[in-house]
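We just call them A, B, C and D in the order they show up, numbering each chain from 1.
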Amino acid sequence: MEARVTCIPASAPNDISGLRAAIENGRVSAAHIVAILGKTEGNGCVNDFTRGYATDTFKAFLGGLTGQDAGDIERRTAFVMSGGTEGGLSPHWIVFEIHPDRTPPRPDRKALAIGTATTRPFAPHEIGRMPQVNETAHAVREAMAHAGIDHVDDVHYVQVKCPLLTKSRIARAVGDGHTVATTSTLDSMGYSRGASALGVAVALGEIGEDTVHDGVVCRDYGLYSSRASTSAGVELMENQVVVMGNSPHWSGDLLASHDVMADAIDAAALLRALAKVDIHATCPLPPEPARRVVTLLTKAEASRSGQIRNARHTMLDDSDIASSRHARALVGGVMAGALGRTALFVSGGAEHQGPDGGGPLSIIVRRGD
Amino acid sequence: MEARVTCIPASAPNDISGLRAAIENGRVSAAHIVAILGKTEGNGCVNDFTRGYATDTFKAFLGGLTGQDAGDIERRTAFVMSGGTEGGLSPHWIVFEIHPDRTPPRPDRKALAIGTATTRPFAPHEIGRMPQVNETAHAVREAMAHAGIDHVDDVHYVQVKCPLLTKSRIARAVGDGHTVATTSTLDSMGYSRGASALGVAVALGEIGEDTVHDGVVCRDYGLYSSRASTSAGVELMENQVVVMGNSPHWSGDLLASHDVMADAIDAAALLRALAKVDIHATCPLPPEPARRVVTLLTKAEASRSGQIRNARHTMLDDSDIASSRHARALVGGVMAGALGRTALFVSGGAEHQGPDGGGPLSIIVRRGD
Amino acid sequence: MEARVTCIPASAPNDISGLRAAIENGRVSAAHIVAILGKTEGNGCVNDFTRGYATDTFKAFLGGLTGQDAGDIERRTAFVMSGGTEGGLSPHWIVFEIHPDRTPPRPDRKALAIGTATTRPFAPHEIGRMPQVNETAHAVREAMAHAGIDHVDDVHYVQVKCPLLTKSRIARAVGDGHTVATTSTLDSMGYSRGASALGVAVALGEIGEDTVHDGVVCRDYGLYSSRASTSAGVELMENQVVVMGNSPHWSGDLLASHDVMADAIDAAALLRALAKVDIHATCPLPPEPARRVVTLLTKAEASRSGQIRNARHTMLDDSDIASSRHARALVGGVMAGALGRTALFVSGGAEHQGPDGGGPLSIIVRRGD
Amino acid sequence: MEARVTCIPASAPNDISGLRAAIENGRVSAAHIVAILGKTEGNGCVNDFTRGYATDTFKAFLGGLTGQDAGDIERRTAFVMSGGTEGGLSPHWIVFEIHPDRTPPRPDRKALAIGTATTRPFAPHEIGRMPQVNETAHAVREAMAHAGIDHVDDVHYVQVKCPLLTKSRIARAVGDGHTVATTSTLDSMGYSRGASALGVAVALGEIGEDTVHDGVVCRDYGLYSSRASTSAGVELMENQVVVMGNSPHWSGDLLASHDVMADAIDAAALLRALAKVDIHATCPLPPEPARRVVTLLTKAEASRSGQIRNARHTMLDDSDIASSRHARALVGGVMAGALGRTALFVSGGAEHQGPDGGGPLSIIVRRGD
């Protein structure tokens, strides 16, 4: 198998013209799409309808093309829309396809591999707690197996879409005699993201299984994954996992890599991730190595300490702009300055995804050889 | 004379505790302060009262210390407050002092020099037009003379505070039979900033005097200064000019430099400015050269083209967050990633200050020798 | 013919469950829908995608039900989505249907009548200028004729959807040797709304045809219609006009009325509009007359004077919240307090629609007899 | 004694020109001012510096006039600044003075009375808990005694300024072996406001002393005062209480009254409060009774149910505008429509102040006889 990744600019949340053109001119094949990640221009918070608008539009478009109904489309394709293009971030779609090999894989030469898996549906009282942690860890291992990724060191990005609590779900849990992780529906998004990220960390051996229990979720931020990117949505009750990494069983000229931003202005994380795939450069990245970076995905959040390298930030005190919006603008600026490009997948809400105020940074690059 | 520059963190717009401590422990001398620039945590737009709050607090504090009344303080000291610490920008004060030489100046070794001048008060109908351009150019030359800066190439930063139109000022102009540059009080800030910046450009020989006329102000953005930083305020009718550059007649171990950001993500502008003072480095700046950068001042704005390096940005379409707030967050991120620090003087409203979407970048560094 | 009006609450911009239920239980007939007006929970400004999301969702839903394609649906049905539910405003849909008479019309008893018409497409250079004014006036008269409304006094609400200028449209106009009303795409929305409202005012005899010329559009706000509600959209080049009023040729138990809010807090406008249909009451409206009000539609905007009854407002100085958002919250509060209900169609952008700071107020009521 | 109340418009948070003019022309006497309440044009949330700017400016001004230092001014005068003039609310100051009787009080004729009291400073672990409830209740009774208000029914407004938790205060409490009500500094404002309001409710007999315990604070919103208005500030550790009511021991032609808004659109609450002082009217209030209303003070908040009279509101889902800003705009609109005026003291954060989504409404009126 061969993974392909295509970045397409978006002029609006419902702009499918770029994908349509790519399909028409043969650059993308609708039947082989397994995931579409998108940066849409909403606020990335509670009332951001650009995510749903984008997803609905893509489903209708792909359904029309392939004759599948919405349920089929959903089963076959992961849609992960991240709202918020603050600062200079540029709205865009990242289309992932899996094609048959054009050339046979070479055991001495790993290539980008993609695998997916899904947990069982969670009961409301399980969200943000150990069952979600453990099932996610299990699904990550399953997705790795599907992807033919043999070692956890070869995993460079794990996207998890996870459920949240609603008023009715909480009522159901309480009616059944359970407690829930939180009675705040907003906070439940954080708990679900956090437990999912901890599940990734366990699966990848980043933290010991025995260090995790209900009490550390959204409390002990010293525990984290450097490769998880999790987002919560109301439309599902299970966790959907997409694992990306490198595998000798895949062909193609793409490779994944990652590192972790120690804080929001850690531009060197990009250089460290590049160095792992033998691209050695300084910032701002010169044109040639920059061209080899197909896509960059990272997480942003305001540090709970209220500081960045001992200097106060005001993100958490600003009642006019959500801290996640500030954080995306900031990290977007840091990485745009380093890479020379603004079409970056910078996403907010980084509970247990990288250290406090920092975040995982993953890249997909084109081989130089 | 010797110029000194001290950066002090601010915990709030009225936080004078850092300056008080610096005065008490002898790091700063109240009597020698000639300017205080500040980044305050407001929105940087029309209803940003953090700027006035900071200025009033500093005036009362310095007046209490030195026994001067508010008028004296204002005449002796320039207060330039720039609102907006979006993204990771850290609120701080930059205190400029002029002291007598401790060691005699050396003709072979220039040092940071500061000079000030003030135009005559403008009539409302002159704001945003050629009289403001020409008088500003004249004041820049005068401030250069005061500073002992002999060549325009030695000027690296020109801060101008300029007036704006109010409803009553417009009424007065119209009553006297004049037209005004604009009847929008908000737009008049841009016209005043723009005409002032063009005046700087003329004085520094960046554009020919004969290329400027009323019709190009806030229209032909191809004309710009790479060293002007102008801001409009309601409290004055004249232009107040502070010129910073290097002069053989000054002593001390500080030096100014500048370059221009070609667009909002041009991190290399910092490297180019550093190279001019013989600091050769790559980004992110290693600790030693970073330590030598005393302060960094730059302008940010959303490109009118709606694009950054051919990728769409959404700053001008966002009706929830002003484009100047996005732009400061972005440029703050770019420079924080490059320099490794968030206490940066990134200010908005860059009409004729650098190219569209870019902006002048000035630094003050400590000599290495 | 008989007009029916049904209000349906919305839980999200893509919530069609209420309409689906109304159709399934026979309260609404999909085939007879002629217009859907909606209040959606976006910001009502440039980057409000809730309007498009709602429209797309309704088109797909109605297309699926009736077997029509999107083009057919658009031709048959007017979708007017007004973003912004600030303050307490409640998102909702207002569904207008035209059914055959159930009982014959009675010449002595007028009933709610609805008529539509469309102008020819405008060239870009015509937008915001006299051709748009005159063609709109023509279309209003045509829609009145379709509705069987004989006198202009019987017109109580005129909804106009009108085009705006984009960069490419401006370029086309300029390439053809024309000037345009404004080169700002945002401002062009105001010009188009303003010229359309003036067209309504001319058609209804509210202002003399000879008082209108290009120079008054968005300048002389003393000229206005007390019944126009206009909104600009990028998706059309013509003006689409929906006229509502009372006609002896229609049956049913609904009646329209209107008055004009003299300023944003003119709660008495509701009482005056009610009195015209013989409902005499005081505020807050007692339950029985309140129940008879089927829907209330009004326009809101911040007065350009900066004052409401000689007291300063801060709507135009607030750089964090758009003035149109403040204005909708305010007028929504005034009318909710008066009527006792928050599902109100309060819409922003009132150029030449009511006096400065005020706006037209239209109601549809159920007969008491 | 005689209480006087003067409303003065504000053109900015630091606008003392109106008060200066009132003092110069003898309408207000600086030496007799006991309280200044203000609506300032910030966001009313965490980073609203307009409140501190106003307070600092008034203190410096009054200190300059009376020769008192800041400490004296603070001890003698309560400054209560409420940020947020959303919708049409007009920034203004309400100046309360206590003068000697000009005519002797009449036992058969009560008049507006004002009393103040202060609790002991609270330890951090007491904030938001029973010690704050009980001490506040005690202080309310003490302020009533000072004011010569004999019965709780004669109390119509109780303003409480109360402390909040900061990181260092929490650390101190924890270091001393205590827990705190909440470790969120933002949430601590709500706990402190809530406990203070419950203290008022206990003092006024609105709820039984035995119904209150730590567990109900910010949990059981069925418990509330219909006369408390509490606000938290970082600058104090004690509760400062101002009680307003009617007393036979005071003279003058002012009277207080109150009622409670059952929800955010309950315009009739104004009519009920007026009826209690024998002003019988309907909305919008005719000119004569409206003139007799000297000032109106009320609390606004978004109902936690997410609904107003069974219709959904979007205040709690809006991540661009804080719900307290929506709520002030809404209630400001409701009351402006009812009273015909926008200079209204509508303040946010109504924990245990009125029912969920509603709030206390107090008025001061001028006698008609």
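Please note the rule applied: a contact is a pair of C-beta atoms (placed from the backbone, for glycine too) under 8 Å apart; a residue touches a chain by one contact, two chains touch by 3 or more.
By chain, with names taken from UniProt: A, B, C, D = Cyanuric acid amidohydrolase.
Being a predicted model, the structure only gives us computed values, none of them experimental.
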Touch-network distance, chain A (Cyanuric acid amidohydrolase) to chain C (Cyanuric acid amidohydrolase), counted in steps: 1
Most remote chain, CA-based centroid, reference being chain A (Cyanuric acid amidohydrolase): D
Higher-contact pair (C-beta pairs counted), A-B versus B-D: A-B
Interchain centroid distance [CA atoms averaged], chain A (Cyanuric acid amidohydrolase)/chain D (Cyanuric acid amidohydrolase), Å: 47
Approximate Å spacing (C-alpha centroids) for the pair chain A (Cyanuric acid amidohydrolase), chain B (Cyanuric acid amidohydrolase): 40
Averaged-CA centre spacing for the pair chain D (Cyanuric acid amidohydrolase) and chain B (Cyanuric acid amidohydrolase), given as whole angstrom: 42
Contacts with two or more other chains, residues of chain D (Cyanuric acid amidohydrolase) listed in rising order: 41, 43, 47, 314, 317-318, 320
For the chain C (Cyanuric acid amidohydrolase) and chain D (Cyanuric acid amidohydrolase) complex, residues of the former touching the latter: 9-11, 41, 43, 85-92, 264-268, 282-284, 308-309, 311-315, 317-318, 320-321, 325-327, 329-338, 340-343
Complex interface listing, chain B (Cyanuric acid amidohydrolase) residues touching chain D (Cyanuric acid amidohydrolase): 12-14, 41-42, 47, 49-50, 52-53, 56-57, 60, 320
Chain C (Cyanuric acid amidohydrolase)-touching residues of chain B (Cyanuric acid amidohydrolase), taken from the complex the two chains share: 43, 45-48, 314, 317-320, 322
